[in-house]
Amino acid sequence: MPKRIAAFGEVMMRLQVPGYDLLSQSSTLQYSFSGTGVNVVSALTRFGHAGYLVTTLPANPLGDAAAAHLRRLGVSTDFVRREGPYLGMYFLENGFGARPSRVTYSNRLESSFNAAPEGAYDWEAVASTADAMHFCGIALAMNDTVRGHMAALARAVKKKSGKVVFDCNYRPSLWGEGGYAKAKPHYIEMLGLADLVLMNEKDAIHILGMETGQTERKDQLTELIPAVAERFGISAIAGTHRSVNGDNTHSLEGYLFKEGSFAFSRKLTFSVYDRIGAGDAYASGILHGELSGYAPDRTVAFAAAAALLAHTVSGDTPMSSEADIRRVMEESASDIER
Amino acid sequence: MPKRIAAFGEVMMRLQVPGYDLLSQSSTLQYSFSGTGVNVVSALTRFGHAGYLVTTLPANPLGDAAAAHLRRLGVSTDFVRREGPYLGMYFLENGFGARPSRVTYSNRLESSFNAAPEGAYDWEAVASTADAMHFCGIALAMNDTVRGHMAALARAVKKKSGKVVFDCNYRPSLWGEGGYAKAKPHYIEMLGLADLVLMNEKDAIHILGMETGQTERKDQLTELIPAVAERFGISAIAGTHRSVNGDNTHSLEGYLFKEGSFAFSRKLTFSVYDRIGAGDAYASGILHGELSGYAPDRTVAFAAAAALLAHTVSGDTPMSSEADIRRVMEESASDIER
Amino acid sequence: MPKRIAAFGEVMMRLQVPGYDLLSQSSTLQYSFSGTGVNVVSALTRFGHAGYLVTTLPANPLGDAAAAHLRRLGVSTDFVRREGPYLGMYFLENGFGARPSRVTYSNRLESSFNAAPEGAYDWEAVASTADAMHFCGIALAMNDTVRGHMAALARAVKKKSGKVVFDCNYRPSLWGEGGYAKAKPHYIEMLGLADLVLMNEKDAIHILGMETGQTERKDQLTELIPAVAERFGISAIAGTHRSVNGDNTHSLEGYLFKEGSFAFSRKLTFSVYDRIGAGDAYASGILHGELSGYAPDRTVAFAAAAALLAHTVSGDTPMSSEADIRRVMEESASDIER
Amino acid sequence: MPKRIAAFGEVMMRLQVPGYDLLSQSSTLQYSFSGTGVNVVSALTRFGHAGYLVTTLPANPLGDAAAAHLRRLGVSTDFVRREGPYLGMYFLENGFGARPSRVTYSNRLESSFNAAPEGAYDWEAVASTADAMHFCGIALAMNDTVRGHMAALARAVKKKSGKVVFDCNYRPSLWGEGGYAKAKPHYIEMLGLADLVLMNEKDAIHILGMETGQTERKDQLTELIPAVAERFGISAIAGTHRSVNGDNTHSLEGYLFKEGSFAFSRKLTFSVYDRIGAGDAYASGILHGELSGYAPDRTVAFAAAAALLAHTVSGDTPMSSEADIRRVMEESASDIER
Amino acid sequence: MPKRIAAFGEVMMRLQVPGYDLLSQSSTLQYSFSGTGVNVVSALTRFGHAGYLVTTLPANPLGDAAAAHLRRLGVSTDFVRREGPYLGMYFLENGFGARPSRVTYSNRLESSFNAAPEGAYDWEAVASTADAMHFCGIALAMNDTVRGHMAALARAVKKKSGKVVFDCNYRPSLWGEGGYAKAKPHYIEMLGLADLVLMNEKDAIHILGMETGQTERKDQLTELIPAVAERFGISAIAGTHRSVNGDNTHSLEGYLFKEGSFAFSRKLTFSVYDRIGAGDAYASGILHGELSGYAPDRTVAFAAAAALLAHTVSGDTPMSSEADIRRVMEESASDIER
Amino acid sequence: MPKRIAAFGEVMMRLQVPGYDLLSQSSTLQYSFSGTGVNVVSALTRFGHAGYLVTTLPANPLGDAAAAHLRRLGVSTDFVRREGPYLGMYFLENGFGARPSRVTYSNRLESSFNAAPEGAYDWEAVASTADAMHFCGIALAMNDTVRGHMAALARAVKKKSGKVVFDCNYRPSLWGEGGYAKAKPHYIEMLGLADLVLMNEKDAIHILGMETGQTERKDQLTELIPAVAERFGISAIAGTHRSVNGDNTHSLEGYLFKEGSFAFSRKLTFSVYDRIGAGDAYASGILHGELSGYAPDRTVAFAAAAALLAHTVSGDTPMSSEADIRRVMEESASDIER
């Protein structure tokens, strides 16, 4: 049965130089609008659920364009506020081979989302609608008002028996120097409210300061994640290990820890067209599996295949249907069909 | 000595989403016009022959654009009728890696080509011009009138001692459920009229219902193709085996069966830019070899190299010159020349 | 207070050659999706109402793209069925000066919309939602099943006390030879069900066969429209007179007949960027005025300004806000604001 | 009855900056291939005639592209030689309002056309095919070898009773300082060979050095053109007077002098999209009228309407059908038809 | 003799929707970099002077692109500092006819330019280089530090006998409510330092609060401007009156007040392609005349023609040469030259 | 400490077909301006040096565009002369896989650069500015006047104690048949003047006619390069060995011979996006190392990494900063940073 999933988060304008040119070589940009919340709920609408974004967009043509883009992606704008003049933006120059992609941000701290005052949102209305509510560590890095919104909304959702989902998504550049220490109390607050968490062992070590005698990533993971689950009373924790291979392919292995045991996906290796947003595709796959009552093995395989496909699609936002993902789960490379 | 080669077949408008976007992400399409017959005769004009298309295009701006495109490709429009309002179309979304390309057709059954009535074409004029006449299994799938055109034209050409070429080109989606049974009598009719046939063992097994105890594709091929040649009195049969490799390259091996023996090309492995139309490039290479009196070994090597190059060119229609193909036959990867 | 307005009608894919090139000169198309119903309800969402489309789109990537486009325009897809493979299309080549624009249609009669069988739609659900339901003469020209849908839905809406809106929108090319006679009974049926009608004196004369001794258009209008209103029991009738001036500008005068008297807009004269869809903008303005309880004078001025602005926007679908339209009502040409 | 018309002349590559940018602002060019001969015979193929170009194109990818473009325009490449490495080019920056368009040429004197040696062409073959043969003053400005080709071909055509057409087309920048004196003997030679000439009174005054006491252009024309016709034994002379109006429109009046009397078109006034090639459209209209046996009045009206439409089409080459031109002759500005 | 002209001001990134689409319709932007100072000194480099910009750009790929763009425009980046992460931006949607253009700003107050601290620039070095130094009212609206930079630099330039130029350029949206009162003391400070000022009577009335009994703009101008010159000891004051005409053309009349008397240009009327930056072209023309010792009549005619041409060029920055401008001064509309 | 580096050489316009289309398939070109000298000095400006080009550009819009492009790349145009009408051009069609890229030249011999007469340049001014002066074998292939410029300028630079750099850059197509013999005396002259030379063993063998009993390239190199250095008194010689691998990657190993010993880079293997100009990136790295006093090992590693990155950037001209290159020296493939 389809569910109603909402996400709280900022919408960013992505301004991408076409092809492999640099900003100083080109004179054209392609724009779209995205964000962790956008990506996750849009992906879920493709699996048949109803998706809502809870955010604030500017009350001007940029906000109009962002709202139109959200609707195009299938995301409901019923809980989107329109106020203020600014929208966060980032410029993307595609890398090639040994030359990495470059992301340059505008000053997002003045954005309508980050400037929305306490009391701006109607938590009651959101909580009455959402079966599950998604939050992420990027919003958590913004400012105290945003963090206040997050805690208040999570509490409202829990009160209505909705599921709270939290993606740790720690971004060093947002927290600045000494970031882990600054971030820790806020992460602890969100983890204490969450039912389903996206993270891996690095978050446990660096943000929560947990210790391990293990040296292999997977051993660290299997030691620390159950401890996190226990400490914060989290029902399910999921995440991925990614590696970049010498031949420009990437590899990805997903995990889901639940009811005391781990499920792992196959390690998938694949070519990458657009890497941004693939983590959100994984999260959407985990949510879909959990909301649909899949067995953990199937959930994690579905989520990993969703992540793989997100690397093959342009833009930040996953575009694959459930059928597309199932085909990847079942088949290997396929030729044109006609 | 250059020959005059005609093809009977439909012209389709190809509407391609640029880059790797989906139809629901983009707002721009690139269009061109193609078709098995277009591709084969256009390729042959690049080898110095004169190429003609026998078809019906709509009498409107779409038909004008298609005719202009055919001429641009070097194809004579002397036998192109202009009547009716509709043109078959297909939309192409490029795949990437694990995400396959998608083709979405418009309703081609109402196209000017498929609606051209009995008696519409002047077979006499075509047969008096063509040294060789190319037909394909795609047109055969359309309707009884089209099939009637094909048989009538093939007979007219034979009467004038022209060579009849038939490419089996079975497309499951066009014949629908129970397609092999529906298709069989029509294929039998065309095979009975053909001098040169493009096919492989799968056509023999599935369409003609022939049986084999062999399990390897190549063994099935060498058992069944001679039997087909004998049964239908076909002078030469050619085709390819293609495989998609794990690293996104494709491999292709061509064969030509003639006067009781097989010639095989080397197995070529290569990167793929645009896969559509590569089979037509192979057919054009076989025709060129046969019309030019090449030895079978050289014909099949030429055809395989032509197919390889067709994978490196955008659009459905092969664009390589004889010199380009010879270079591929002789050399391996080459750097820029200047 | 915002209303819920639904429209029943076909979604067409518009494939436009960029700039002023012909199809036989270019190789690129810009695509969007539109239709009278799309245009009217999308325009109304910009005035704060909720807009729904009742239609059938193909269950394939073309349908996905159309649905995404509808949502982008603010139109709810809750009543959009997905079935069948085909979508109506038209190609647009922009005219310049003395060279008129050209529209070339694909075979829309096989579209998912036109092939949707009796009983396909849930009229009850639509009628329970819509405060007003919009129909148009284009759909009426399609086939008996579509006409059956229209009558059934109009009756269901009336039963729930919804308002039935009918735009006569007679297109000679769709009805073919002897079209007025064929169309007449179907128009009579719809006029009999309608509360608000978009038409002018030409429809009365040609479709309904009404006679007038007047020779000036405006005299004909003021004689015939009241007679139509009386004969079919229609509460309000509105429409426009358009003229193309020698200097490439167009002029437009709107009227609204209601409760026995006419309101006329000023005659507006303006430059034209994209003419298609301007009539739908006028209709949306009339509906907005009527639904919002404007005085007839204000309604007709608002609708005419909405139509004017629709000529300045690219694409078929009006994009102006109520504030944009009010500014045009109040001001004349304005410079950049910053 | 359709005729076969050939033109002798150079093919130029047109490299146009899109929109209204300057070369130093943009990074993109749109390219096409044109030339007076190309334009005239391409226009005539749209009226149902067969069109041939007699020229030399480089034996490299630029020549391939030019040849493909000629075929796309409907021009036969049967008399196109392929030799040498260079193609003439020009860059076009579109003007706007008070800012004029700018044309920058590459060094065309080394082009394959201008370097083709004496004896390169098979005049016999061309003369056996062409009912009419078109030459122009641009080629005459190139070098002695090209001029030798022109005279030899004109004589060959006359011997076979073909019609020789000469468009004076004097370009000051090509002849350089003291150009009229240099040009005079060559123009006299071509006028002596011509049956139909395109020119106006300025050519008579400046190139031929004829004198007139009249001060109005039209009076000069009616005095001088009959004298030119008599002196050189020319059957028909045609041309235009063009003026640029204050409101960015252009006006054009065509004339045809034949059998002792003048026919004039209406003075047409129109908006201009792409001015280049409009004179060639006029010439094609005159040729069509003459080849089809139109009365002078009808010929000159047709030619003027063809010239008008050529201003509304992008690129140098006229794209209008006979029906398009007839509609302009009959109607005034028309709205979209659908 | 060429001079060295520097300007102090912010570089903005202009992000323009191509054609006439809205931000919510398109997915592509064209970007360039401009600003009053950029426009003025770039225009002056085209007249043979050396142009410098004094500004701060971000130390990231956006700053690289801006610096490359400045150099492309001929502006020296020797006095461009690179520090901080942000660049001011604005989005531009082109209007058409009755639909005005729309400009949407990003939060420029955090830009590198506006965040450059006191003491950041080396005024000595700038003042030693610049024969004239240009400031404008846009920068004056930013913050106290920027205003501090302006006063300090103007004083340094005066000390070295350089000329101080100040363009009032009052923008209501930047000063906010009660803006005139806020702005007044800052304008008074800059006017007190300036040798050459760009302004008109509205600035005198609204910013300086001067009174006049005149009601016609030109009478107000001739009354107030001499008073301003006297009060602040300004050598020369120049400006324009612009009007938008009913037929989409604009009219512009320039003035220069100097040594007690007024010079006026003709009133020029023209079509507009890109209106932004035309005022800067006028300013550049006045500076060029003054720096080159033109008579006031010639200066004002040159400046008005420069402004006219700037309306015909895409982008904010004037691109015309002295020869281009002289041609406009001398000629009227001209046809293609080749 | 930053240096001033000048290069003498031609600027070519690069006209590239977008994507992988052929000239006969497309209708759009992307243009930029480059040349060995442009590439080398532009790369050096990114490392903090001042770069100058000594050349002649046409005095027309093509020259304006080229000069603007040079400035955009950071290259000073202070020594750029503007004279004559023509610019060298080349068309580039991108290859894919087995299909090689194709370059088609325009007739560059008539270019402004190649037509600049003796005495055109002010060598004194250049030599007073340049710490190092770069020449290349492409200019040497042009004509005697250009070769005269090169020798005169090299002598002027040496007199002022500037460093003379010569890149052998032998292009068979420019020297034609028997090219090595024609080239030899000119290469001997330049080598005799040079302090730093870019070459490898093939130049020694083919141009200088030196002999070696070695059969391996590296053995030939280590035998012949020291002999060249000794014979011509060259302080430092550098170059690369490149190989194209089966999997479409390239490998490159750089060397630097100086003070009697060789330094070699690691053999780098990498994917290629745009191969043109990579040799110039290597040369710029060697110059930077030499001018900055790097140890030979570091110089050659830096140069090889610069060359690698140049393969990943579009266009002929290297765009990498010193920091970008250092990262490649230190790291392997990296993921997005944000």
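Chains: A, B, C, D, E and F, in written order; residue numbering restarts at 1 for each.
As a convention for this text, a residue touches a chain if its C-beta (ideal position, glycine included) is under 8 Å from a C-beta of that chain, and two chains touch if they have at least 3 such contacts.
Predicted model only: the values in this text are computed from it and were never measured.
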>> I'd like to know which pair from B-D, B-C or A-F copies the D-E interface, where a copy means over half of the contact pairs are the same by residue number.
In response: A-F
> Taking contacts as defined above, which has more of them, C-E or B-D?
Replying inline: C-E
> What's the call on subunit C versus subunit D, same or different interface residues, using the half cut on shared numbers?
Replying inline: different
>> Quick check: how many Å separate the C-alpha centres of subunit A and subunit B?
In response: 46
> Taking each chain's centre as its mean C-alpha position, how far apart are subunit D and subunit F in Å?
Replying inline: 45
> How many angstrom between the C-alpha centroids of subunit C and subunit A?
Replying inline: 41
> In angstrom, rounded to a whole number, how far apart do the mean CA points of subunit A and subunit D lie?
Replying inline: 63
>> By the touch rule stated above, which residues of subunit C touch at least two different other chains?
In response: 22, 24, 27, 68-69, 72, 102, 105
>> Per the contact definition, I'd like the list of subunit D residues that touch subunit F in the complex.
In response: 15, 22-24, 27-32, 60-62, 64-65, 67-69, 85-86, 89, 91, 93, 102, 104-107, 110
> Which of the residues in subunit A end up touching subunit C in this complex?
Replying inline: 68-69, 71-74
> For subunit E, which residues are in contact with subunit C within the complex?
Replying inline: 19-22, 24-25, 90, 95-103, 105, 171, 173, 244, 246, 248, 275-276
> What part of subunit C is in contact with subunit E in the complex they form?
Replying inline: 72, 270-273, 308-309, 311-315, 319-320, 324, 328, 332-338
